[in-house]
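The following pair of complexes shares a single chain, chain A, combined with chain B in the former and chain C in the latter.
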Partner chain A sequence: MGERTVVLGVIGADVHAVGLRILDYALRSAGFDVVNIGVLSSQEDFIKAAIESGARAILVSSLYGHAELDCRGFKEKLQEAGLENILLYIGGNLGIGQKNWEEVEKKFKELGFHRVYPPKTMPDEVIRDLKKDLGLEK
Partner chain B sequence: MKAIIFDIGSTFTKGVAFDLDRDEIIGKAKYPSTVNEDVTIGIQNVISEIERQTGLNIRDFNIKKATSSAAGGLKIIAIGLVPDLTSEAAKKASLGAGGKVLKTYSYELTNSDLDEIVLLKPDIIILAGGTDGGNRYYPITNAKKLSNLPLNIPFIYAGNKDLQDEIKNIFLSKGKEIYITENVMPEYGVINIEKVQNIIREVFLRNIIHAKGLDKVQELIDGIVMPTPLAVLKGLENFSEIYGESLLIDVGGATTDVCSVAKGDPTQSNVILKGLREPYVKRSVEGDLGVRVSALSLFDAAKKDIIKSFSQDKVKLIEEKVKFLSINTSYIPKNDEDLHLDAVLAYFAVKIATERHVGHIELVYTPMGTLLFQYGKDLRELDKVVCTGGPLIYNPYRLESLKGVIYSNDEPFILKPKNPTFYVDNEYIMFAIGVISEIYKDKALRLVEKYINKI
Partner chain C sequence: MFIKNKKWDHKYFLNMREEVLNSWPTGREVDLKEAFLYLASLPKEKHTDYVLKEASQNGKTLLQPRAGVPILKDHIALLQYLQDEGGADILPTTIDSYTRQNRYKEAQLGIEESLKEGRYLLNGFPAVNYGVKACREIIESVKVPVEIRHGTPDARLLAEITLAAGFTSFEGGGITYNIPYAKDVPLENSILYWQYVDYLVGIYAQEGILINRESFGPLTGTLVPPSISIVIGIIEAILAAEQGVKSFSVGYGQCGNIIQDVASIKILDKLTKEYLASFGYYDVHLTTVLHHWMGGFPEDEAKAYAVISFGTIAGAISKVTKIIVKTPQEAIGIPTKEANASALKNTRQVLNMLENQNFIDEDKLSQEEYIIEREVRSILNRVYEIGEGDIAVGTVRAFSSGILDVPFAPSKYTYGRVMPVRDNEGAIRYFDFGNLPFDEEIKNFHKERLEERARFEKREVSFQMVLDDIYAISKGRLIGRPR
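== the complex of A and B ==
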């Protein structure tokens, strides 16, 4: 672990577990060390896991439509915890009633996420981005 | 086959003699502990008394072993990273090993933390932090700081595995004694305390007994084999082998100990388990709850409720008496009034200590409605409670005190047992059962059956 450690979980009161399992499997197969904190995870759960595991990225999943509410203040809390440099991704099903994607993306970028993924994103894409952003690409 | 098991406590040195062929207690004695002068004086006096009672000679006893909680017990400082993760795991490990946790620290140790650590005079320091492969900064930084302290005590490292060699060198280069063991939290949320507990016991046997001058007992007996609280915990494990999952409450003058041997899985289907998983064998200690040395802090913790147990005109008197008890720590109740006050104090010690030991449910309001998060063990269905310690063994009002264990509808989210059956360690031998169980398992179990009785 270390260089390739990422924290993965579903935020808020969301119980959609299937995508998480697929991401976990795909990331491990691609050589990442995955700290999977499961569904129903709070912002604090992500932060504590990232500190103890020395993770370099946090991948937040949200399907049930309340991601914006659940992610408010997350960036500030990360700064508070000394994790201001950690890489932050979010994906799943982020907009309620499918607004215009650019708008959704912009909103989550403002909330501090470096990459924001639309529904039905394939794990390969995330893995490619992660390797690039973490400088693991040789 | 005869055995004498001693408990070298902070105030008394006790001894219980057994005829193990007949599963029987044949003698019992106690004498004020003499650890500050010469620990053997207390032991010798207990031996003489037991020889007198049994008509046997000490040489007739094949097993002569002791436990100890003298000289402040096994004083441990636990250091981790995140308070409710590795710090909590290190603390749980220390308690489960029979230690007395002086204080727990998290994140980077500050200069004032370091000063405090020196003043607290621990016997052992446990350093954890980081999952395996995880955080490197905090364990290394704290190790460097700790290695510079003017403390000549053993350190145990139970943090991020990747740093084991580096941490070892940091301490060795400063001439410190360092033991390296498995991480208390190898993976996020996974608690792993058995290995560190074995090391704690090993260090206790190898260093601490000597450091406290207790190794002199070997002139008279085989030796000290474990800290007393660990022996009591092992006693409870034996009880559980016969009767199933159980809880033990030990009210003393200075502390109240609670131990559970139970999974504590949710008993209602709509809750979600949160937080660090609890060890199956869990011990918690409340240093502010006791009926003598800690009577004042207990009184402070529950003043409003304690006062309610007495008529208004008595309140001043009760306060005076509590103060008296906190100074006269070996006071034995003389009349009904004394017994009643002790029982009230014990009730609150039991109540608060049990509340802190068991799990609780937290309501979380979300867009999906209210969710129920369970932290810790749900012991509502647990049905065996063992009590030990003076106020719960000898006080005729002890059943009143024990009501503090029971679940209350007024506090529905504190997961205490709803309908337990109470057992009592009438002969005060739980620790001895723990020691014997490591030598003759079957005999220990028979002693449980015979001497730990339903109330």
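== the complex of A and C ==
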């Protein structure tokens, strides 16, 4: 596994599988090596997969509204595991109820995420950012 | 294999029950004898089966919203609003996702944090943590029946607590609450857990208290071909009936082609009744449920209302017993109570205006019914065969070999080869049959329909076409035409 390896999964007690399947497909089509750990994944599952695969980015998906509780302490655990330099993205329905997106984005940036995507983001946008952030753009 | 479609031995149930009730402190609040008295004391209007019977006798379609918040008093206020302002006929209590995975400690933290922060950190009502007594406050605060809706592979404790609390309908099943809701729970286990729930419901039935059980027809909510959903509904009805369930609802998620939707609901009703009778279960009161579109919604509320109204049409024409209503804020997440009530009013208006209208092309309808019926019988007969006459054994074997398959399911106990796509009229067809046991007539029907679309769009049928279909409704149309 090399510089194009990313870990993909749905965090917490969330079982939304369809978007993950689509992202997996889109990332592979764009030339990434995808380690898809699936739904119902814990912080530890993400970290373990990232270490084992030598991934450069972790892409967290959450659609069910518990993301805030599920992501607390993630940044610290990544540091403990020596993954403080890994790129961390999250996307989905990240809060419950009608909330101001800027607030949601701010909250998740504080939790350690480099990029935070609202619902309905298309895979192309994430792939573009990922290539840029990983310095893969020629 | 340790499961069989055979009514449980009472001692076996009681032994397991000890373990279930001890798995969280509120389990000790359940006292069955007291629960029988409590349920018998509730007015008949709070009993789901009574309300369903009245509706089917009068040809009425009932409406039920989705709702569940983690704070008890807020949850009650929400339900009262949906009852009074929205005119809901049956109310829901949607359970949060930690409880669905039996993670009660995290659910407890979610309740405490929600109370502390004054906002909801859980996506539903954690009924196990609240326990019997608190749950009864819900039942006592509303005038209509309340159903528990969730997505729990192991809902034994949840059922014990909520049935004793007076919830008279309980959604789920060993297949429909495993395959779309879990990653690594063996089907044998979830079928066993749900036999427990059905056996418990059977005990209530012996006391004259009819609890309605409902199968979750939409499954993954993503382009599920009707025959798959119908087969699974029939299997769950049979499994429930064997354990003593007397009131059962089979469900179906709107696909979007009206002919296909009407045909599916009719076949779902007809074949479930037929199979129940052929297995010797003559006294099950069977009803049907339509779920408004379960896939991605447009963010624009006006467009979302159109999706909702459109879904109601198939419900009105097929005379479905109940519709589970979506809201104009589906795309954004959990809706406000106002949006939720508005969707109920929208649905009622469409239903009322379509009263006794039927404009469906009968030839097309019977052609669609014919193909769905043949598909359902092909799969079910094969499931029965490989189970050597036992439908539970057959189901486990069918899933492992792909004779039964569900598209886009997270469970690793799904074969995962079936791939659906829409035809040129928007009906959901099979692009890849996986290992479904279909003959050439059925396969050719699907192939021809898809070739028609491919010609029209001047492109091959491919996974890109499937992706376009998944996004289509949220982007303003039914069929994912090339961009």
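Keep this in mind: the second predicted complex is superposed on the first by the 138 of 138 C-alpha atoms of A that agree within 3 Å, B and C clash if a C-alpha of one lies under 4 Å from a C-alpha of the other, contacts with A are read in each partner's own complex, and residues count from 1 in each chain.
Just so it is clear, a residue touches a chain if its C-beta (ideal position, glycine included) is under 8 Å from a C-beta of that chain, and two chains touch if they have at least 3 such contacts.
The shown structure was predicted, so the numbers you read here are calculated from the model rather than taken from an experiment.
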Between chain B and chain C, positioned on chain A by superposition, is the outcome a clash or a fit?
clash
Quick one: classify A:D33 as touching chain B (first), chain C (second), both or neither.
first
After the superposition on A, what does A:E52 contact: first (chain B), second (chain C), both or neither?
first
Applying the touch criterion given at the start, work out whether A:G135 contacts chain B, chain C, both or neither, answering first, second, both or neither.
neither
Report for A:L69: first if it touches chain B alone, second if chain C alone, otherwise both or neither.
both
Once chain A of both complexes is superposed, is A:N93 in touch with chain B (first), chain C (second), both, or neither?
second
After the superposition on A, what does A:Y25 contact: first (chain B), second (chain C), both or neither?
second
Could you look at A:G12 and tell me whether it touches chain B, chain C, both or neither (first, second, both, neither)?
both
Stretch of chain C penetrating chain B in the combined three-chain arrangement, among 6-14, 42-50, 60-68 or 96-104
96-104
Indicate the residue numbers of chain A shared between its chain B interface and its chain C interface, in ascending order.
12-14, 40, 64, 66, 69
Which residues of chain A touch chain B in their complex?
1-2, 5, 7, 12-14, 33, 35, 37, 40, 48-49, 51-55, 64, 66, 69
Can you list the chain C residues touching chain A in their complex?
96-98, 100-101, 103, 106, 109-110, 113, 119-123, 151, 180-183, 220, 222, 299, 329, 331-334, 336, 408-410, 463, 467, 470, 474
Please output the residues of chain A touching chain C within their complex, sorted ascending.
12-15, 17-18, 21-22, 25, 38-40, 64-66, 68-69, 93, 95-98, 119-120
Can you list the residues on chain B that touch chain A in the complex?
81-82, 84-86, 129-136, 160, 162, 185, 187-189, 272, 364, 366-368, 371
